[in-house]
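What follows is chain A paired twice: with chain B in the first complex and chain C in the second.
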Partner chain A sequence: MSARGPWAAFWLVAGAAALFLALPVGAVAARSLMGAAGQGTGLGAWAAAFRGGALPEALLNSVLAAGLAAAIATPAGFLLAYAARCSRLPRWFRAAVSALTTLPMLLPTITYGFAIVYALGRQGLVTRLLGWQPFDIYGLGGLTLGYVVYVLPIAFLLIRNALGYVDRRYGAVARLMGDSPWRAFRTTLLRPLAGPLAAAFVQSFFLAFTDFGVPASVGGAYKTVAGLLYERMLGSLPDFGVGAAIAVCMLLPSVLGFLLLRRLERAEVRYDRPADDLPPPPCPARDALCAAAGLLAALFTLTLFCTVALVPFVEAWPYALTPTLRHVADVFADPGLRLVCANSLAAALGTAALCTLLAYAAALVTVRGALPRPAKTLIGAAATVSGCVPGMVLGIAFLLVFSGTPLSHTLALVILCNTFHFLSAPYLMMKGALEKLNARWEATGMLMGDTWLRTVLRVVTPNARDALVAVFAYCFVNAMVTVSAVIFVAGARTAVITSKIKELQHFARFDDIFVLSLLILLVNLLATALCRVATRRAARRSLP
Partner chain B sequence: MLELRHLRKAFGGRPILNDLSLEIATGEIVSVLGPSGSGKTTLLNLILGLVPPDGGRILYDGEDVTATPPERRGFNIVFQDYALFPNLNARQNIEYGLRNRPGASTPEEVRALVALLGLEEHLGKRVDQLSGGQRQRVALARTLVLKPRVLLLDEPLSALDGVIKESIKARIRQIARTFRLTTVIVTHDPEEALTLSDRVLILGDGGVAQYDRPSAIVGAPANDFVRAFILRQLEIRRANLLSLFGAGAR
Partner chain C sequence: MRNRPRTRLLPALAALALLAAGCGGSDGRVVIASNADAEVVAALRQALDEGGFRGRYLIQTLGTAELSGKLLAEGKAIESDIVTMSTYALESAQAVHPMFAALDFGGPRPLAGDDARFRPLTAQEGAIIANLRMLEEHALPRPKSLKDLADPVYAGFVSVTDLRSSSTAWLLMQALVAAYGEAGATDVLAGIYRNAGPHVESAGAAPLRKVRAGEVALGFGLRHQALADKARGMPIDVIDPAEGTYALTESLAVVDKGPAANARALPVARCLLRARPALLKTYPTPLYHGEAAEAAGRPALPRVFPQPLTTVLLAHHQTLADEARARARR
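Take a look at the complex of A and B:
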């Protein structure tokens, strides 16, 4: 059997991962060991990083805020997922809970920070409506809140998917055998969900720990690792050696968290064929609790989004509240801002195309290529390991390796950086989809004279269409909202919206920031809608 | 004639087939019968060339094809789950191989084959609009347009309802006779094997337990394994049917 096609895909993924993942990340680690001045070797950079106690303090602060956020987001995510999947609330209500809970994923994290400021700050929307400020938003409170907004959707999705694998018949059996509702809930729902709940906590923690957008907007004087790292690399007194050492400090816990997640995945309970035709048993108390949780979450999300949608449409919040389209017109009249919008779109489309291609090639190799096991394992590892490299670390890695090369400050580099920043989830999505397809197609095609590549193009690809569209949309949306990596990679001519937002913050141009954020939101809503239309049309085609 | 000489295959140190030798005449229908894990599917994969043997040779009309890649052996298979391509309709599935080998069948021959399999009114349907029996026939047609020298069928009846089974059985026999096609059928059902084929190969303990005409197997089982594995099942079934019809007559 000819294995030329699978080998070509293998070398594509392996070569790209070596060049744009292994090499840059290795370079960061090496740079941290080159001594403070960047010549010779030594631990000088590490010593400098820990001198003065700023880094230990920042580490502690980051762990505290991220831990708090994960501790809030995990139970909240569970409650909302439970409301969406296991309650008897009306279908539209459950759909609305899902949609509103995941809505923040369509905005950059840096925007939530500013939204929190404009909603809960001293002159904020909520503060003015209430007449008093609920809590101080600069520092731990605001930071934690921002992180929760960021990670709640992810915790929610993880737990909601896991709930889809829990068989309701077990609950019915437990009740039939005389268990109390609470005991049945514990043994047939909570216990099988222990793995996913732990995974949601770990995932939330590390997303928050490595996030840059929230501390950049509401961190205030509260030092975080991300803030410190930014300061060392792009601040007034940059020191790449110290920056590299801090980057390694951010990378190592992420690698640990990644390994922990893999462990938890293996411990996951998966029933073969969960029966979802069995409705949840009636329980008014449960439904009331779920409704309250859903309403609270909806109120919270809507408050933030209303703030974002309101502020840029008044003359000068909070002093002149006359409605105006001036700020929107200003943004579109500014050629610099028009350029970043075009850049963002181009970068997002390019990232979506490249990331989908690489994820598909990697999944084809591991699931459908007749290659030796070590080759498949290597590609699987290369594709998933990107998930444990924080965006900031990857961005710094690209900055260190590609500065001065022809790639430096090009959109191509932004696209490559985003691609390897996101690759992990698209790969896993593609792998899951390809595993569900009939395993005999390649053999069948070959016996009818196809090469492997031809069967892939004529049969596998058309049947994997929905997954490809979903992966494309996922990469597009993420590329539109990401800030952590691109901030180090985008140049003056290749700035994207999110990196521009960071810059506009310096000039306190918050109206522009919100207009640009709304633009991202609209583009992302449009992209997800288009993706839905595309997959629905495909589904309609395959209905009788 | 298809000849297997001293074929050996082990997986992870566990021998599945051990020194298997047999001959299948051109145009003959042979069923391969055996308990699960006896190497039925492995045998199919070896004949097809999807897995290489650890030892032994495969010959077709005297030519050694052991090292020939599967796509050049001229053998073909209908898998148990048919492996039809859902993005294509019935006609596109049937004509799939003709894009690579345009000369394999003339349009007239394809039309005749479609008629023989009773698929005329289903050609425009997508795979998910076809019934199990229709899918089976589309898969058969897709394989037959390439005019294989040997046709392999993996559990061709297991996914079908009782009534359709008999008509598909008749169809398979008709095709083998019409095209003088050497046909190897893997099954786990003794009744199916004994009523469908010219000769039956019973696998046990990694080798040939018995390879003979159905009447010979029923009349003179070669050993206790054949007696226990094949005849017991058939006798129980016969007893069940007789008592059923006996009770109805009373």
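Take a look at the complex of A and C:
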């Protein structure tokens, strides 16, 4: 059996990861050994990072808050994905659940924190409507809430994608054999989903753990490690050495996450061909639960979203509520806006293409390539670890390595930086989908004289089409909203919309931030709608 | 078979995007990186446009943290030809990578600072910001000094920034140290932190945002930003503290790129200083010999910290602030 195809995919991913992930992250890690304030060498930076006990405390705080958020987002994401894919609720309702659950993903994270303050704060929309403040938004409570808003869409997407590849016929068979509904649910749905559920948990955890935007606005006195990293690495007296030491500590959870996912791989259940034409059996209790979950999520998202949509159209929230288009006019008066928008679109399209390609190649290697185990482990580890590198660290790492090379200040570098910033979620999405597909296709294809690559192109790819489109859309949308890494890499001529947002944040012009967020939302809605049309048209064409 | 073109599309698209993105290099324009506020940037643009540089420059605005990150990581390889930001931050970047050129083009003489590499552009001042509606609603007295902010009557109603992450907090720290000495300043600051509770912020603009949103009643932030809010008709007022109003200067510097330098960088830098009269309106502190600011916009008690504002002093003040924070938690 020739293994040229899998090896080609391996070298593609390994080469790219070595150059654009290992090298930059290695450069940062090396900084941590150059001592504090970049002077000399030694463990000075590590000693400074651990002095005063702030770091261990912040690490524990972050693990707790991010763990809590992941523990809420994973079951909630499962329930909502289940409502969207496996209930007998009306089609429009299920579509609305999908759309509203993923809506926060289409907005830059900076906006959530403010949306929470503007909705649930002392003078917030909800507080004013209710007449009292539901709960104190600062500290662990607000932080967890913000994280859940941030990570729920990705947990939902990972699980919903995987659900699409679970064969419903097994459920029908289980019921025919007289299994209780709970037992049938457990053996034919929960067990095959163990991998994707764990992936959703791990991914949610990573996202929350490395996020800086939410703690900055609602963290209060609750110190997170991302906040500490920001303060030491880029605070009023920036120190890359200490920052690097903290960043290295932040990589530890990714190792644990990777090991957890590895353990669960053994329990994978595979299917010949996903059958989603089988309607779920009638079950009013299940549908009622799904409807309640859907309504609750919709209400929650809409509350936050209404705030974002309302604030920029009044003079000055919350004291001058006269409607105005002044903030919109202000934003569009900027002569540089067109270039910035064009840059953003180019960067997002490029990122989506490259990231989908790499995530697919990486998932093919780890799930469907007949390669030695260490090779697979290496690729899986690279793709997973990328999720635990905070964006800010990756951005600075790119500067350290690529500054002064022909790549610096180009959109190409922006695309590469984004790609490795997001890679882990798309990889997990692709992996979840590919794991569910029959493992014997490649062998069959080879017996029939096809190369591995041809089997992948002719058989695997069409069957993984939905996941590919979903990953493409995910990367596009993320590239449109990301701030943390890209802010360092984008140059004066290659600035993107979110660098504009960051700048407005610096000037405290939050009305304008919300206007730009709405603009980004519009682009993202359009992009996801296009992807959905593409999926549907392709589905119609490829019906047997 | 039908799906083959689409699977080829992805790599093709990726390659194309990378190629297209690789193009578009230098076009001779002078790149100015700045963390200055919108009014400053508008004044700089106007000065350059009127000075004949229209279309020959590009201003890239960044947050303070991002800009210092870029300076430290890139050194001379930074894309910009000119940088404007806090003088102390420029000095600290210069200490890590010698990267700025001497500005030997004459022009007006600065009142303070003798480093030929930096020319001051603005002076950022701090002030107590009050949300009048909140003060009234919660029957809170109007504070007169920074020390008043430590009064337990304001518990939960104050927002300030942390000196580790924001240089705006340094304006507060300078005022406290100058008025009460280091031990006294730490005491007052601990009281303020205790009152601020969850509202000790990392970003300089955050206290103003919280005051504006009615999350708190009082904050410490940049004076001119609060004055702008007041001018927009918000129920916001600026209180100049009895301890005095301190300032941090922002300067411009030209990156020393050797033979690769843009020949227009120095002329553009010189032209930028023509924005001073316009800047004096928003930041009413004279910085050069022969300048005068209108009395109307000036703070009640402008003060200058007795020691030079170096990074060493900032690091020392940070340890005092850390001590205050630790004490506030106990």
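By our rule, the second predicted complex is superposed on the first by the 333 of 544 C-alpha atoms of A that agree within 3 Å, B and C clash if a C-alpha of one lies under 4 Å from a C-alpha of the other, contacts with A are read in each partner's own complex, and residues count from 1 in each chain.
Operating definition for what follows: a contact is a pair of C-beta atoms (placed from the backbone, for glycine too) under 8 Å apart; a residue touches a chain by one contact, two chains touch by 3 or more.
Quick caveat: nothing in here was measured; it's all calculated off a predicted structure.
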Worksheet item: Is A:503 in contact with chain B, with chain C, with both, or with neither (first, second, both, neither)?
Response: second
Practice prompt. May I ask you to decide whether A:177 touches chain B, chain C, both, or neither, giving the answer as first, second, both or neither?
Written response: neither
Practice prompt. Mind telling me which of the two, chain B or chain C, contacts the most residues of chain A?
Written response: C
Item to complete: State whether A:450 touches chain B only (first), chain C only (second), both chains, or neither.
Response: first
Practice prompt. Based on the superposed arrangement, let me know which partner A:227 touches: chain B (first), chain C (second), both, or neither?
Written response: second
Fill in: Partner chain in contact with A:440 - chain B first, chain C second, else both or neither
first
Worksheet item: Hey, what residues of chain A end up touching chain B and chain C alike?
Response: 458, 462, 542
Worksheet entry | chain C-facing residues of chain A, complex | 37-38, 52, 117-118, 121-123, 138-139, 216-217, 219-222, 227, 230-238, 240, 315-320, 346-347, 349-350, 353-354, 356-357, 360, 392, 395-396, 399-400, 403-404, 406-416, 457-458, 461-462, 465, 472, 487-488, 491-495, 499, 502-503, 505-510, 538, 541-542
Fill in: Interface residues, chain A side, partner chain B - complex
1-2, 438, 440-441, 443-450, 454, 458-459, 462-463, 542, 544
Discussion item. Under the stated contact criterion, what part of chain C meets chain A in this complex?
Written reply: 1-4, 6-7, 10-11, 13-14, 17-25, 27, 31, 33, 35, 37-38, 58, 60-66, 68-70, 72-75, 77-80, 92, 96, 133, 162-167, 169-170, 197-203, 205-206, 208-210, 212-215, 225, 229, 232-235, 311, 314-315, 318, 322, 329
Worksheet item: In their complex, what parts of chain B are in touch with chain A?
Response: 48-50, 69-71, 75-77, 79, 81, 83, 85-88, 96-97, 100-101, 126, 128-129, 142, 146
